[in-house]
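Before anything else, here is the set of structures, which you'll find just below.
Below, chain A partners chain B and then partners chain C, in two separate complexes.
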Partner chain A sequence: MRSNDMNSSHYPGVFRVQKAGALAEPLPVRLLLVAGTVLFLTLFLLLPLGALFSEALSKGWQEYRAALLEPDALSAMRLTLVTAVICVPFNLFFGIVASWCTAKFTFPGKSLLVTLIDLPFSVSPVVSGLVYVLVFGQQGWLGPWLQAHDIKIIFAVPGIVLATVFVTFPSVARELIPLMEAQGREEEEAALTLGAGGLQTFFRVTLPNVKWGLLYGVILCNARAMGEFGAVSVVSGHVRGATNTVPLQVEILYNEYNFVAAFAVASVLALLALVSLALKTFTEWKMRQLQKAGA
Partner chain B sequence: MSIEIENVSKRFGAFAALEDVSLSVPSGELVALLGPSGSGKTTLLRIIAGLESVDEGKVLLNGEDASLHDPRHRKVGFVFQHYALFRHMTVFDNVAFGLSVKPKRTRPGKEVIRSKVFDLLKLIQMEHLWDRYPSQLSGGQRQRVALARALAVEPQVLLLDEPFGALDAKVRQELRRWLRQLHDEIHVTSVFVTHDQEEALEVADRIVVMNRGKVEQEGTPSEVYDHPANPFVFDFLGKVNLFHGRIDNGVAQLGGVRLPASGSSSGTDGSAVGYVRSHDIDISRHGSGSDAIAAQVRGVLRVGPLVRVDLLHAGGEQLEVDLSRDAADRLALQVGEQVFVRPRNVRFFVNDYQI
Partner chain C sequence: MARSLKKSHAAGWGNLPGFAPTMGYTLLCLLVVVLVPLSTLFFKAATLTLDEFVGAVAAPRVLASYRVTFGAALLAAVTNAFFGVIVAWTLVRYRFPGRRILDALVDLPFALPTAVAGITLAGIFASNGWLGKVLEPLGVKVAFTPVGIWLAMVFIGLPFVVRTVQPVLQEFDREAEEAAACLGGNRWQICTRVVFPLMFPAVLTGFTLAFARAVGEYGSIVFIAGNMPMVSEITPLLIITKLEQYDYAGATAVAVVMLLVSFMLLLVLNLLQKWSRRYAEQ
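And then the complex of A and B:
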């Protein structure tokens, strides 16, 4: 690509690190570092992953299949999917809106808003779940009103969705805000002087500029939504075949000493994680490519 | 379209970026906003474009209050200091943007847009690069794309913020001639920002000199260069030498030389400072204390077509004199020798001004 300095000066906030030629460590040190990293990864990541799949398949494919097709397991997968399908678009929308407001405009209370957006990541998910019980539960603030209108939130699907939306809320906004801030407002201003309206500017200038960051945020959001345990566990009520998500189902099966089924269902989550990882790596690579191109 | 700026003030917090700025740009003129960094040039341009609001005063476009119009309907083309090209669009799409976002009723057809964009690309000599992305262009090419993009919507006013700022001297010169030619062809009212006085003097019909959020002087290039209104303008538009002295009864005493103080900015007597351009000083070996100032040569330096002579005159002040090569060769000055200097064109300012 073209010269470094031109790219980095033209697009503030996007810097590239020089390849470490002069900084290279001597060979033995490098080997040691690499070996250490590989060993660590094997011990803590690959080994458990291998154990998971071998345990899931320990009684053969038949059992594995049966465990996955069991009605409760299927219902758990369905619920997890439903949750993700509601939660991801919701957070996508609000993540974009929130980051657009905070990155492209100035208004009083802006830094407070940015801090608030981060809140769900900084409190324990269990606490988030408990807060929802406090608000929507039978003894909660809105409990009597909800009961009077026959609306069930806690120990039902809406509660699970709400809790998941809450804990995954920052994932999109956190990706977008730094990206949009680094890109500044000039392109939007240029669009404005060229006669573009607010929505045209957003869809034709702002959004395309952050699309890879957005995809990255969505992948993270989805992974967290499907894997969330703590908050969901509190609001779910663990009704088999009704309010159990996949992670909750795994826990139940495990507590019943049904290891093969537990690991089989868990392997679905693990596969999901691997797919997310692959997608995430791809988008990261793509974002780096774009940065390299200075675009 | 004419631009009228009436008593505009703009503050950022407690900082006054513009203070009571008034300015008028007649339709079809090319005006340079000249001033040091931080003097409010970009701010003024952004206010004309409607990207920034005013605290006081108003902007009239074609005699109409501009605040009545949304910035997107002002018909103002803006070329940003850092180009602000759409990074995910090709050169073609960048230039086509303004046309393609027009409302359906007024939007030209695809083919019309295409031919118009290619006409513009031909104008900036970049048709062959139509499918490049901004990151694949050189600084000067980006600059020209930014200009073509602004021209595509046929603006009535063109605002250029340091259009040649990031370019090397040669490309700069080419582009500034090109801008002048372009302006002579399409006659769109244009305001361009620069802090290069040479650029302003060469290209503009009129120059507006700004300093610390205020307009110091406005006029044609020769007006501001030959008749600077105040020491700041004098200093900013080229190199100057200062002679400290006194004015008594309309006669100035500068280090033993008596000169008629006709150029004084005020009629009062007292201590005064004479401002002389570095090419408005003669050097000779002969003279007396009454018609010339004695000085000692401290250095002789050849700078391109000129020879720069550093001197220390009897009053103890530094002088810098530019001679043509011919004159310098005839004199053959030696470092350390005593000479006499005669200022030719002196402007007096009574109150010593400080930068």
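And then the complex of A and C:
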């Protein structure tokens, strides 16, 4: 599909000779567009990446290493990992369950359900954090009860996990639903007719069909979970070494004018983003291969 | 007869197993994680009198923050629409070295944590930064001004237009272009009369997505904005400021406005999607 390429070799020679000018832009226009694209993307994507890593390493590897091995930085990394380890499986399981019932069955209100599942992506991260403060905070709905039972959610780790679950909630479901819908249900029906059980059908038939889409959703979910800032910032108490995730640690270091350390810690997140992009590109390529093989 | 009716009814629901438990679990999660927490926003706002609510959402500082947020988001979305179409066009139609890498990098703003983007952009455009060093002697101040807000919004909205227009161009039937060429159209006529109209719904969808994202954005903006009340203070930051002053009611009222704007944009997007599907069928 991608190889919808510009060279007009598919077209009969007649066209090329007579109408090439009408099917392709003149060379100067082409060069201008390519130059514009390269310049724009360099300015907004490559330059920031370069600046980030050069700032992180501006005082040498020794400082870089020291900034990453600092106890507060390490505890922030631990908290970010814990958050992702809870959040990703939860949203993965939800995504699978939700896409099974929405993609394989028809029922009234289906498109409303899909819109509602997608809702957290349209809400400002700050608002997402705020709603959890209103539920679990001291003045919130459950505040008095939680306080009486000495349970701390807001300004503590559970609040961070909850806000992250909210923010990443649709990631897996929104990738799987269209994919499962496109697969249809004939294969599952065939498996059931042949005597397979429900779960067996799911694990042997459905799951292998959507595994790359699943991986794609998990990668996006993980990247978002580890990088979330706005929502987590509202519910975290910003306690160093206790309720700081890596992005919050970056903010604190930056606001203390400790730029080298801030960019060093940030560079870890940037590397994570680059790895996620690479994996994402790979799964997209895999899915295209499968589509081509199926077509 | 009755049995066959029952059977056909079952078939309508699908003879695949597991509808009831999966639907139950889905609704439960949706309620607990999304709907109940979001509804608290409205319940909390309902405890305010109308005067209190209007006082909170229409105070001069809040109104100024809407102007900054929506104004910058609109400009950023326009910028993204313009460059997004050029980028999508170039990536789909032309072959040049580095194309695949640039194509993959377009999603960087989705993957890069917003705080990281924020400090990086602030670093580049600060007076001693890579570009700030060049721009400031020319009298162009980007960091800690509304221009910085626009810039950060362009960054985070960058993938939307590219990624909505790209598939349309890829699946674009070149026969329409050939037909127009046979009818004697020149390149400019073909582009403006055949290609651009077909791209239009996708551009509009990408524009709306970029706008929606920019309006709610917080992390990448606060570092570069300067956050001066009345000048460069965005609405999400104002919510956080109110929270830090324990003004929960005020924060909630402004958040309700933001949420309603999100709902409206979501509605617009759904309508756009329906429209472009009909548009494509024509």
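Throughout what follows, the second predicted complex is superposed on the first by the 260 of 295 C-alpha atoms of A that agree within 3 Å, B and C clash if a C-alpha of one lies under 4 Å from a C-alpha of the other, contacts with A are read in each partner's own complex, and residues count from 1 in each chain.
By our rule, contacts are C-beta pairs under 8 Å (C-beta built on N, C-alpha and C of every residue); 3 or more make two chains touch, one makes a residue touch a chain.
Just so you know, these numbers come straight off a predicted model, no measurement behind them.
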Touched partner set for A:200, first chain B, second chain C, both or neither: first
Partner chain in contact with A:209 - chain B first, chain C second, else both or neither: first
Touched partner set for A:62, first chain B, second chain C, both or neither: neither
Touch count on chain A, higher of chain B and chain C: C
Partner chain(s) touched by A:190 [first = chain B, second = chain C, both, neither]: first
Residues on chain A lying within both footprints (that of chain B and that of chain C): 1-2, 6, 11, 189, 192
Chain C to chain A touching residues, read off their complex: 12-19, 22-23, 25-26, 29-30, 33-38, 40-41, 44, 83, 86-87, 89-96, 98, 102, 104-117, 119-121, 123-124, 129-131, 154-155, 158, 170-172, 174, 177-178, 180-182, 185-187, 190-191, 212, 215-219, 223, 236-237, 239-240, 243, 248, 251-252, 255, 258-259, 262-263, 265-266, 270
Residues of chain A that touch chain B when the two form their complex: 1-2, 6-7, 10-11, 186-187, 189-197, 200, 204-205, 208-209, 293-295
List of chain A residues in touch with chain C within their complex: 1-2, 4-6, 11, 15, 19, 21-26, 30, 33-34, 36-38, 40-41, 44-49, 51-52, 55, 94, 97-98, 100-102, 104-107, 113, 115-117, 119-120, 122-127, 130-135, 137, 139-141, 165-166, 169, 185, 188-189, 192, 198, 201-202, 220, 223, 226-230, 233-234, 246-248, 250-251, 254, 259, 262-263, 266, 269-270, 273-274, 276-278, 280-281
Chain B to chain A touching residues, read off their complex: 49, 51, 71-74, 76-78, 80, 82-88, 97-98, 101-102, 133-136, 139, 149-150, 152-153
